[in-house]
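Pasting the structures in now, so scroll down.
The following pair of complexes shares a single chain, subunit A, combined with subunit B in the former and subunit C in the latter.
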Partner chain A sequence: MAALTPAALPDVEPPARSGGRGRRGGIWRGVVLVVAALYFVTPLLASFVFTVNDPMTGFTLDAYGEIFTAEGFAQSLLLSLGLAVATIVLVLVLTLPAMLAVRLSAPRLRPVLEVLCTLPLVVPPITFVAGISTVLRWGPDYLAATPFYQTIISIQNPAFPVVLVIAYAVLALPFVYRALDAGLGAMDVRTLVEAARNCGASWPVVLLRVIVPNLKSGLASASFLTLALVLGEYTIARLLGFQPFSVWIVTISGANAPLSVAVSIFSLLLTWLLLLVLSTAGTRRSRS
Partner chain B sequence: MNGAQVEFRGLRRTFGTTVALDGLDLTVAPGELIALLGPSGCGKTTALRCVAGFETPDQGAVLLDGEDITRVPANRRDAGMVFQSYSLFPNLNARDNVAFGMRVRKVPTARRHARAAELLELVGLPSHGDRYPHQLSGGQQQRVALARALALEPRVLLLDEPLSALDAKVRVTLREEIRRLQLSLGITTIFVTHDQEEALSVADHVAVLREGRLEQSGPPAEIYDRPATPFVAEFVGTMNHLPGRLSGDLVEVAGQRLPVHGDRPGTPEVDVLVRPETVLVTPGEDGDALIVTSSFRGASVRLLLRLGDGTEIVADLPGHDAARFALGGRANVRLVERPVLVAARTPAAAAEAVSA
Partner chain C sequence: MVETTSTAPAPLPLNKRGRGGGRATTRSAGWTAALPLLVFIGLAFGIPAVALLGGAFTANGTLSTANLTESLQGAYLTAMLSSVKLSALVAVVGAVLGTFLAQAVVTSRFRALREAVLTASGVLANFGGVPLAFAWIATLGNSGVLTTRLGLGDLGWNLYSFWGLVLVYLYFSIPLMVLVIVPALDGLRPQWREAAQNNGATTWQFWRYVGIPVLTPTLLGGVVLLFGGAFAAYATAAAMVGTVVPLVTLQIADALAGNVLIGHENVALALSLDMVVVAGVVMAVYLPLQRRSARWLR
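The block that comes next holds the complex of A and B.
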C-alpha cells in the first residue's frame, strides 16, 4: 500500500487542478469559438439568404436550379476537377521521389530543395503568368520548324490545357513539400527503406508498398491542399484565356447577381465535400 | 549447413575526411557467429552495411562464398538484416511484416502465411501474427524483425546492434535466443555490438575493430585472457595498468615477479596489464594497501586500493566478501601467478583504469 500511494497521488491531483483551469478555459474557448463562428458564418448566411429570398416572390431556390442549367457549367466543373487530379498526380510524382532521394542520399541538398519548393509562394501569380504567356507567345515563332511547335500548340488545347497543370503544379509545390516533409519526418525513412531493400524490394516496390502506405496522411493533406488550390485559382487561368470553374463563375455571374452568389456557395460546398472525402479516405486507410 | 563464408578483403570506406574502414581484412567461416566489437566510430556498422549492400566500399571487396558481391544491389543480396532501431513496417501486422519479402518475390499467399506462422513460432511469438508493430513491445518487435530477416532463408544473418534499444533483462534473454536459433539453423551470422559482454557471451569468434582496422580476432576466451594489444585489453573488460620493470623473462610488479606473455617494449620500464579478478585481496591490519573506494555489484564487489608506493589498483572480489573490506581499512594485495601482458609506459593510463 505504501508503494501505491505515491503512484496514485499524481493521478488524482492534476484532474482536480486542471478542472478549475478547464472551467475558466472552457468559457474563453466558447467565446473564441462564437466570435470565429460569427466571423465565418455571417457572410455565408447573408449570401445564402440573398440567393433564396426574392423581394417579389419570397423564398425560392431558382438561383440554385439555374446553376445546373447555365451554359458551360458541367464542362468547366469537369475541367477544373480534371486539372486538379492531373496536378495532384504530377506534383506528387515530381516531389515524392525527389524528397526521398534527397533524404536518403543527399541530405546536404535539403535546404536547396526546400528553398526551391517555397519559391512559388514568393512569386506573385501575376508575374508568373506574365512569364508563361511570354514563353507561349515566343515559342511558336522560334519553334515553327521543329516538332516542338506542335507541343506548344497542344499544351494549350482549351479542352484540357496541360499548361495549366504545369503552372498549378508549380504553385502547389510549397504546400505539397510541407505536407510530405512533415509526413516523412514522422517516420524513420532510412531504416524502413533499408529493411525493405533487405527483403528484396526494388525501388518502385519500396515506394509503393512501404513509403506510400505509411505516408497516407501526408499524401492526403498534400492532395487536398492542391485540390483546393486548383479549384480556386483564377488569375492564371483567366489571363491565359482558359475557362475552368472559377473563371466560369465570374463569366456567368456578370448579369445575374443571385446566380453568381449561388454558384459561389455551391463551389464552396463542393470543395468542402471533396476535402472531406479526401481526408477521411486518408485517415481511414492509414489506420487499417 | 545453410551458412555461407563471408570475406572482407581490404575494405576501405571514407566519409568526407573520416575514415570508417581502413583496409579491413576478415574471414567469417560458414555457420559461425562472429561479433564485430569496437568503440563507436570504429567502422563495425559500416562493415556490416557493406555486406548488406547499403554502403559501397571505396576500395576492396566483400565476398560471399568466394563470389564478389560488392556491386550487387541491396535487394538482390542473400543476407537478412536486423536493425538497431525498430524497423518493422508500421502499416503491416507482424505476419505481413515477416511475409513481406515473400510477397515481393510473389510467393503464393497460402505458403507465405504458413511460412510466416512457422517463423513467428520460431521466435516465440506464435499468437502475435495479427498485432501491429505499435501493439508490440520493443523486444517483440525485434523478434519479429529477426523472423523477417530469416524469412527468405538467407545464407548470412546481419545483426546491427539489435539489442541496444532494449532493457537489460530482455537483452540477455533475446541474445541467448538469437544464439540458440543461430546454432540450430547453422546460419553464418555477423553481430555488430559495442557491448563486450554481449560479444563475449554469444559469439564463436570476436573481432575487435579499431579505427577501421582489425585489431584482433579470436575465440572470446582468447580475446579476454590473451589480448594481443593493449587496446584490446583495455576495451574488453577492465584492466589495471601497474608500473613494472622487465628483467629477463620476468617482470617485477607490486613486489612480485611474473612471467611475461606477448610482445615486450624496448624499455625496461613498462606498464603491466592486470585484470581486476586476478588481484587477490585479503584483509589485514598490517596490510600495505588502503581501501579507497568500494562499489557493491551484487555478485561481485569492486575495490579501488592504494598501494604503499601510491599505485592504485582495481580488484574484483566475490560479493559475499564485501563485508570484510571496510572503506578506509587496510588489506594485503597479491597478483595471481600467471603470464601477464606488458605495454610501453603511458603515464595517463593508470588513471583511466581507475575510472573504468
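The block that comes next holds the complex of A and C.
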C-alpha cells in the first residue's frame, strides 16, 4: 500500500475505504484465526488431559512416569537413535562429495542428480517397502547357494537392521539434497576450493576444514530433517518386522491407552524440539 | 601435430591442450566422487523398483497381467477409489482452508502472529504418523476426552470412519498448504489491488480477475502436494481405523503380511504399481505448475 497510495489516490478516499475494509477484514480474520487455533490446539490439550486424568483418582502424572520403566522403551528408543545416526552419516557421506563434484566439475550430472534425489518423494513409502520385501524374499528363494544370501541375512539383523538404514537414507535423499543445495548455493564453492588447493591442501583437508565449516547450517538442517524422519518413520519398520520407537508405541498401545498417548506426546515434544532447533537455525542462516 | 600447425598459432593449442587435460582429470574426479551416490541409488532404489515391476507382472511364475487386473477389481478397486476420494477431498478442503488461514495471517498487522503461525505450520506439517492418530483418538475416539465430556457418542459421532480420517488428515494438510501458499500471497502486490480499485473493481472482481488467476498455479500445486501426502499416508490410518475404512495402503500392508490367497502374493506389488502410477501422474502435473507460478511471484 505504502508504495503507491500517496501518489495515486486522492486524499479523502483511502482512509474511509481502507478503514471499512479493515474492520470487515478484522472480523473475518479473527474468525478464521480463532477457528484455526481451536482446531489445532484442541487435540494437543485433549490428549494431555487424557493422560493426566484418571477416572478414579483424578489428576495423576503416572502415565509419564511409566514411560521410562515400560518394557522395551529404552531398547526401542536407542535403536531408533542408532538408526538415525547411521542414516545421517551414510546419507551425508554419499551426498556431499557428489554434490560438490556436480558444482565443481560435472555440471552435466546436475539434472540427473536432481531427478534421482527427488524420485523418493514420488514413491509412497509403502510401495517402496513392497519392493524391498520382495527383494529380501529372494534370499531364501534364489540366492541360498551364493554369498549374497549371507548379506541379505546380515542386513536384517534385528539388533541393528542395516536394511532400515539403507531405506531411510533413500527416503531422506530429497530433504538432504535440498538442504545441502541451499547451503552450497550460499557460498562460493569454486573459489574456496581452488584457494585451498593452491595453498596445498589435500582433498580430505579441503572437505573437512574448508567446506564443512562453511556448510554448518546446511549440514545441521539436513541432519535434523533426517533425524525427525527416522524417529517418526513407521511404515517401513513395521512392515519389515522391526521394532524401533515408532513401532513400539503401537505395540504397547493395546495394553495401556494413557501410556501410549503419553508416549506419543513425549515423542511429539522430542520431534518438535528438533524441528524448532532446525527452524531457528534456518532463520539465522537467512539473516546472516 | 600437423593439424595444429595448419589451423592455429603455436601458443594457443598448447594452452588449449593444457587446460583441456586438466579439465578432463577433474571431470573424471567429479564422476568418481558422484559414483558412490549413483551406485547407492541404483542398488537401494533401483533393485526394489525392478523387483516391484517384475513381481507385478508375474503370476504363478509366468509373465502376465493377471495381478494388475485383479488389483483393479472388487475390494482392491473399492480401496483404491476410497483412497483417491479421501485424498482428493482432503487436498481440496485443505487447500481452501489453508489459503484462508494464510490470507488471514499475511494481511495481519502483527508480525509476531505471522512468525508464530509459520513456525507452527512447519512443525504441524511434519506431524503425522502414529502420534497424530493417538492424539485424535484421545480427543475424539470412543473414550476420548471430548467424546465423553460432550456426549458425542450418543449423537452418532465416530472417529473411526471416512470423515474421521478427513478430519485427522486435515491436521497436517492445512499447515502444509499455509507453507506453500504464503510466498504466493506475499507476491500479490498491493499495487495490483490499488490499480484494480482505481479502475472501479470491487473486492470480488479483484479476486476473480487478478488474485485467483495469479494464485491458480500455486493453489493447484498445493492441492497436488496435499493429495500426495494423504494418498501415501499409512501409519495414521493403520493406527486409527485398522481396516474399517478400505484404503489402498492398508490393502497393500495386508497383502504383504500374507493375508491373500495362495498364488496371489504379487497382488500387493500390482497395487503398489497402481499407487506409483497415480502418484507419478499427480507429480507430473505438479512440476510444470510450480515452474509457471514462479514466473509471477518474484
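The criterion applied here is as follows: the second predicted complex is superposed on the first by the 229 of 288 C-alpha atoms of A that agree within 3 Å, B and C clash if a C-alpha of one lies under 4 Å from a C-alpha of the other, contacts with A are read in each partner's own complex, and residues count from 1 in each chain.
What we mean here is this: a residue touches a chain if its C-beta (ideal position, glycine included) is under 8 Å from a C-beta of that chain, and two chains touch if they have at least 3 such contacts.
Predicted, not measured: the structure shown is a model, and the values here were computed from it.
In the superposition on chain A, A:Ala222 makes contact with neither subunit B nor subunit C.
Of the two partner chains, subunit C is the only one that A:Val261 touches; subunit B does not reach it. Of the two partner chains, subunit B is the only one that A:Gly200 touches; subunit C does not reach it.
With both structures placed on the common chain, the touch criterion links A:Asp188 to subunit B but leaves subunit C unconnected. When both complexes are overlaid on chain A, the residue A:Ala70 reaches neither subunit B nor subunit C. In the superposed model, A:Asn214 lies in contact with subunit B only, and not with subunit C. Counting the residues of subunit A that each partner touches, subunit B and subunit C differ, and the larger count belongs to C. Judged by the touch definition given at the top, the superposed model places A:Ala36 against subunit C, while subunit B stays out of reach. Shared contact residues of subunit A, touching subunit B in one structure and subunit C in the other, are absent. Interface of subunit B with subunit A (complex): residues 52-54, 73-77, 79-81, 83, 85-91, 100-101, 103-105, 145, 148-149, 151-152.
Against subunit A, in their complex, subunit C makes its touches with residues 23, 26-27, 29-34, 36-38, 40-41, 44-45, 47-49, 51-52, 55, 100-101, 104-105, 107-108, 113, 119-120, 122-124, 126-131, 134-140, 143-146, 170-171, 174-175, 190-191, 194, 197-198, 203, 228, 231-232, 234-235, 238-239, 249, 252-253, 256-257, 268-269, 272-273, 275-276, 279-280, 283. Against subunit B, in their complex, subunit A makes its touches with residues 187-188, 191-192, 194-202, 205, 209-210, 213-214, 286. Across the interface of their complex, subunit C is touched by residues 1-5, 8-9, 17, 21, 25, 28-29, 32-33, 36, 39-40, 42-44, 46-47, 49-51, 53, 93-95, 97-98, 100-102, 104-106, 109, 113, 116, 119-135, 138, 166-167, 169-170, 173, 228, 232-235, 238-239, 246, 249-250, 253, 257, 260-261, 264-265, 267-268, 271-272, 275-276, 279 of subunit A.
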